[in-house]
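Scrolling down, you'll hit the structures one after another.
Next come two complexes built around chain A: one with chain B, the other with chain C.
Moving on to the complex of A and B:
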């Protein structure tokens, strides 16, 4: 059913820390690996070893340069996958009922046996979270690793999305954003987590933590107007002991 | 947006076919017997041919029947229903005209309304998309309905109606272009809101996710077709609207009418190419493109 549920019992999603992400693309690779070998059609590549390789990815890492009015530019790595929106426009446009949002946890999924591959859901998504698999002719998207998070065959620590499990920097967090007391909700509240393209009205569940302000040590203007802060004053004016003797001996030379 | 030939052919031809069916349904082009058969054959060839072309871009055309299930939320599903209903009702109405010489007026009017609903649903598939600010306006269904009705009038030999509707469609076309040219800027979606990094400073795409291209860039960030925008807009206005009006003002024979229809079709195809090629999808912003 492509009408959206009025409310979902939980809002499972990701919190992505733009301050911590180092842009290593490990999440991209683990996502592609897990989702090629498990639920649904594999994520195909076209011309993978040729001159013009392309492929289906459910998670991609962009890098942006942000130039403040004053001071040095910042480089920010920006992982992007499905945001499992509360008002998911990709779901309502689907003509076949292949796209749906789950009532129990809010995950947006595609039933691949119903998908006709019209591509309209990808048109409706502002985030580029849906990609048509050119080998299978069906729409692929992040499943929030629905086949890991409830999978009792996996050790408990592995029951989270592959991207979260693999992130070496701890920049990705998984949890219930509908519960204000959950770790992820606390993190969002503490760090001012934000929505991407809020004006599109999609109400994304996934949140992004903005980069923390950069250290201003070498850029803050000092009292004399120079950019470099003054040297620290020596605390010990008179040297004592061996250093004192050395100082005096060298003076006499 | 990528201007897929299948979708351009579909919207151009089926729009014209359903437009012709509207005029036939209204009974203004009073035809019966063989003449009616020819008119209906042309209308069905255009409408059904267009619908078939649209299935070429599907990944799984064999599952197309499933598209009838989600009419509660999906304009694409509503379009499927409206088109089948329109074609069925008009087939019954056409049978009456062709084989019995009977004009079942109520059925014709119902068919005409269903044809207009079909064109409206097609237009709303595009007009509903917030992600493409150029399309997200009531002007989109207005323009596509005007083009369909004007083209239909041309084909149905409704010269007075065509002479009124073609200029109306041309004006809507220009208004739609002018509004569209600033639509992305006016939408409030830009790289700062896309990344949420605007509070720090100016955002610039430094590195794309992969060195190669991908589905998103091919489907949504198509810039080649926009290069000749001004030329194509001129071609649209001259061929699609101007020349047909001039030709209709001449003493009309079958040859001139056919010529008017052909140039109109060429002009509308150019307009439809631009409809896609010039449309900027907001996902391009993540790649620093539009």
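Moving on to the complex of A and C:
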């Protein structure tokens, strides 16, 4: 079994805004493209043009319907990838040390040369964030684009994960969640960012910003009857009255 | 074991070279960085400098690598050797292919040019393909706008000189309330996501009007789950509320619209309902300074919205009076429309209140001086921070034109067009309707057509009719059936050609249009028309030439295939002459260029047209000595001049003193400059020109200088669209050009010069109690038309398309997960898998667009879910309305523009025993390219 570092210098991770994510899958495919060509083995696809295409993806978007007691049903788009947990059970379960958490930034990685493809880590991860690559027989997972974020061959502005760079709605943010003054930590504080399944005790680094309340437009008096929503005040009921009002209103212009 | 970590290379080489071009994975035209390794495409990302996408890229764009290497790519020209539809082809050389095409087309041009119907689908080179067709001399040319969103485009141009998407955009940086109608992933993919992201970042609100709460509507703060086809009624109710409360922008209406223009109210006059004009043709208003008539644009005039004018016994009322009289009628009160729209009266009031509150109580002011067309200088730019966007959901109905008009009227009454925080045009828009060409249809054998095919009619005189009054065009565009069909009616071409109505054709020539599958209404019927034979055993449509890059369903139905390249292997220009990539603050155009050479015997379609045009001796495509004028499309892009100094690309032209932009001569190095600049050209507006563009002298001068216009084109918005009234007058019996009697009532009722709402036509031809459910499609964000299914990555996201049913229907019919349903319309039935969705209008079902595939197409396995469980709603929709017993063929189209009314569809639904496969099933077609590989590990570097 593999040991986690006592502490990490930084806690790099993602903040994902569920109020803004439109569910477009841009992050999914950008990730697939970058990580097929880069870190480790390519993300393979089995039966890609056939009856049951299945491939390795490090990031997927799920959609869930929410049906509140009052009001209309809602649809939440929920992107999910490795959350780079502080207490990552996928690391401690690894029999070969292939899975590890980096001391400098907290990124959880798989050293593919040591991975025996036993799948214990995928079993241990409560989030389903690891995928076995069927062609290579090694475990694949989000690397937080460790080969981008420090890459001196990329312009400085591009040294961020591919999913963050591509997100059209700007719903994905990257930074050091161990630094309370970082932009991402500030965003989490302002918007009430949440852990995914905190009861699992994994202390995920990635945070989710919850959807803002929906369908709040006042259409009826408040329940205690103290206030009615502001409504337009009529200036006329029919065209003749309107034209009379119009003439006066034009005088005031 | 104790913690240990390996040393890894965090700075690997990313690529050998980055080549910047323009995406074509949908119609959005984003800039992309194509990373090359070992001479192959390694990775695609967004171009940060690009005006459209600023570095971001959607799923489709990033998956372009899988489109480029798709096994469905055609490999060489094909000649059909089996019956049509069999998929039996033999590969031939380009020389033979071009000889065949020339052999078919040259005699047509010499004798009857109209016997060629050339329609170009999802073509981003329409200024080029239309030029080719014009040189050929056929009147039968259009692209796919007629079955896409012509209602949106035409309503916008006729009302305010531009519409949404490529014509304009919300003021994302200033708007405080954004309201969208019928918007899924249709058009403007990344910019809308980027814009919504900006609004969310600063807490601005979004109201989504859509029967389906997915995508943008899922993140909207307020969802209005409207009943399909009733958006116009809802909008007119909002207008009713705003008028009733006087919450409209009177100053804006008086200055910048035809609300003060006087209308002839004499019902006995042949000019009844026309606008009062002076001897120069200028529309007239009453000047509040003098109380006298004055041309609308006279310096110093203060147009009066209130005063009527009586002259020679005839009353003339300002348009504003007609608006008040119509929309204050109780029929538009919230209570009167609530049930029909599926929106409570309280909610309608609340939305009207909020629109008015934000527009007028949260007015924004930019400290920027500007001068208007009457010569008045304004110290500031005042803005109404309410912006709207709409797309196919309101446009693809038979009441779509008037619904889009109603929305523009709402925007204008709020004073929120071309102002800070509102909706802004993108150059070359705004552009008054009078600055557009009119349609041309005069055929002379052996000669070019007398002008551009498509345009904007001003009245009956401009219709495309022959001397006997019959339709001049095969699609009957610009006829009494649909006078303002500015984009043609591609969806009627095959049907009309098969029926010989208005005449028979010889050759159907198409590009990028999957008419034998998802691009046609009534797919089965269209397949039968394409294969039907006459009494001699000859095909009713004698010859079909088709160009596509991929093995689409349509390929099997052509006689000659001209294989196109992928978008990474070709030249293109996204031109200011056509549909450029401009932003509200800038004019911009872009190119594609071969970032990689084809590894197959394929050619860019436009380059093929250059050679075919020369072989046919088309004047625009040969030199004086008869030799080929343009070696290929790149040569055309560089050297063609539409008029002196104006070519397909505006950047890096040759001026008198070196390089210049806009107006200038051709420059042999122009494409190199584009490549060096990242594949695009952009020229920003001066600050004083950024808003109020139709009336702003700084903008107009800038546009003239850049070559967008030859002279300033100031105009006012047409709340009242006089050309519509001219058609009504004809229907009332005025004038020489008269509609056929069977269309008089419809023209009187639907071509109203002020926005109206009427129920979708399908409602009157079907039993709405029996067919009580509305059926829609939406385009997924990660898939574009049929092109996506060949994409190994995208089809793992959208390989299945169940029919989504609302809770009420799901429960009433006792559906459970895994069930199937038979869905029946007045036209046909399909049997398909279903799924439950709660966030859905309770009388609406829907599915993803164009996921269903025919077996054998797109190099997919015959057992691919797209072919076994995937389906199209197209089978339920006919291009004609059900017969009315009058023997006439009534198109299932908008009566103003001819737009295909896809979303009028009504169905009934029953639970059935699951069949083996979705029904109807079609026999497999033989693939000209075989099937794709059974595994992929697509890494180009080792």
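Couple of notes before you dig in:
Methods note: the second predicted complex is superposed on the first by the 218 of 253 C-alpha atoms of A that agree within 3 Å, B and C clash if a C-alpha of one lies under 4 Å from a C-alpha of the other, contacts with A are read in each partner's own complex, and residues count from 1 in each chain.
As a working rule, contacts are C-beta pairs under 8 Å (C-beta built on N, C-alpha and C of every residue); 3 or more make two chains touch, one makes a residue touch a chain.
None of the values given here were measured: they were computed from a predicted structure.
Contact with neither chain B nor chain C is seen for A:185 once the two complexes are overlaid on the shared chain. Legend: residue contacts after superposition of the two complexes on their common chain; A:54 is shown touching both chain B and chain C.
In the superposition on chain A, A:28 contacts both chain B and chain C. With both structures placed on the common chain, the touch criterion links A:234 to chain C but leaves chain B unconnected. Within the superposed three-chain model, A:242 lies in touch with chain C and out of touch with chain B [touch as defined at top]. By the touch criterion stated above, A:132 is placed in contact with chain B alone, chain C being left untouched. Touch criterion met: A:117 reaches chain B, while chain C stays clear of it. With both structures placed on the common chain, the touch criterion links A:206 to neither chain B nor chain C.
Of the two partner chains, chain B is the only one that A:196 touches; chain C does not reach it.
The partner that reaches more residues of chain A, of the two candidates chain B and chain C, is C. With the contact threshold set out at the top, residues 1-3, 28, 52-55, 57, 63, 65, 67, 73-76, 97, 136, 211 of chain A are in contact with chain B in one structure and with chain C in the other. By the touch rule above, chain C contacts chain A in their complex via residues 1-6, 8-14, 35, 37, 42-46, 48, 53, 55-63, 65, 71, 189-190, 193-194, 196-198, 200-201, 213-216, 218-223, 225, 241-247, 250-251, 254, 288, 304-307, 320-321, 324-325, 328, 344, 346-347, 349-354, 356-357, 781-782, 790, 792-797, 799, 807, 837-840, 859-861, 863-865, 868, 931-941. Remark: chain A residues 1-3, 18, 28, 52-57, 60-69, 73-76, 78, 80, 89, 91-98, 114-120, 122-128, 131-132, 134, 136-139, 194-201, 208, 210-211 touch chain B in the complex. Those residues of chain A that touch chain C in the complex are listed here as 1-6, 17, 19-26, 28-30, 32-34, 36-38, 41-42, 44-55, 57, 63, 65, 67, 72-77, 97, 100-103, 109, 111, 135-136, 146-147, 149-154, 157-158, 162, 165-171, 211-212, 214-220, 229-239, 242-243, 245-247, 249-250, 253.
Chain B makes touch with chain A in their complex at residues 1, 57-61, 63-64, 66-70, 72-77, 80, 125, 128-132, 187-189, 193-197, 199-210, 212-216, 219-220, 281-283, 286-287.
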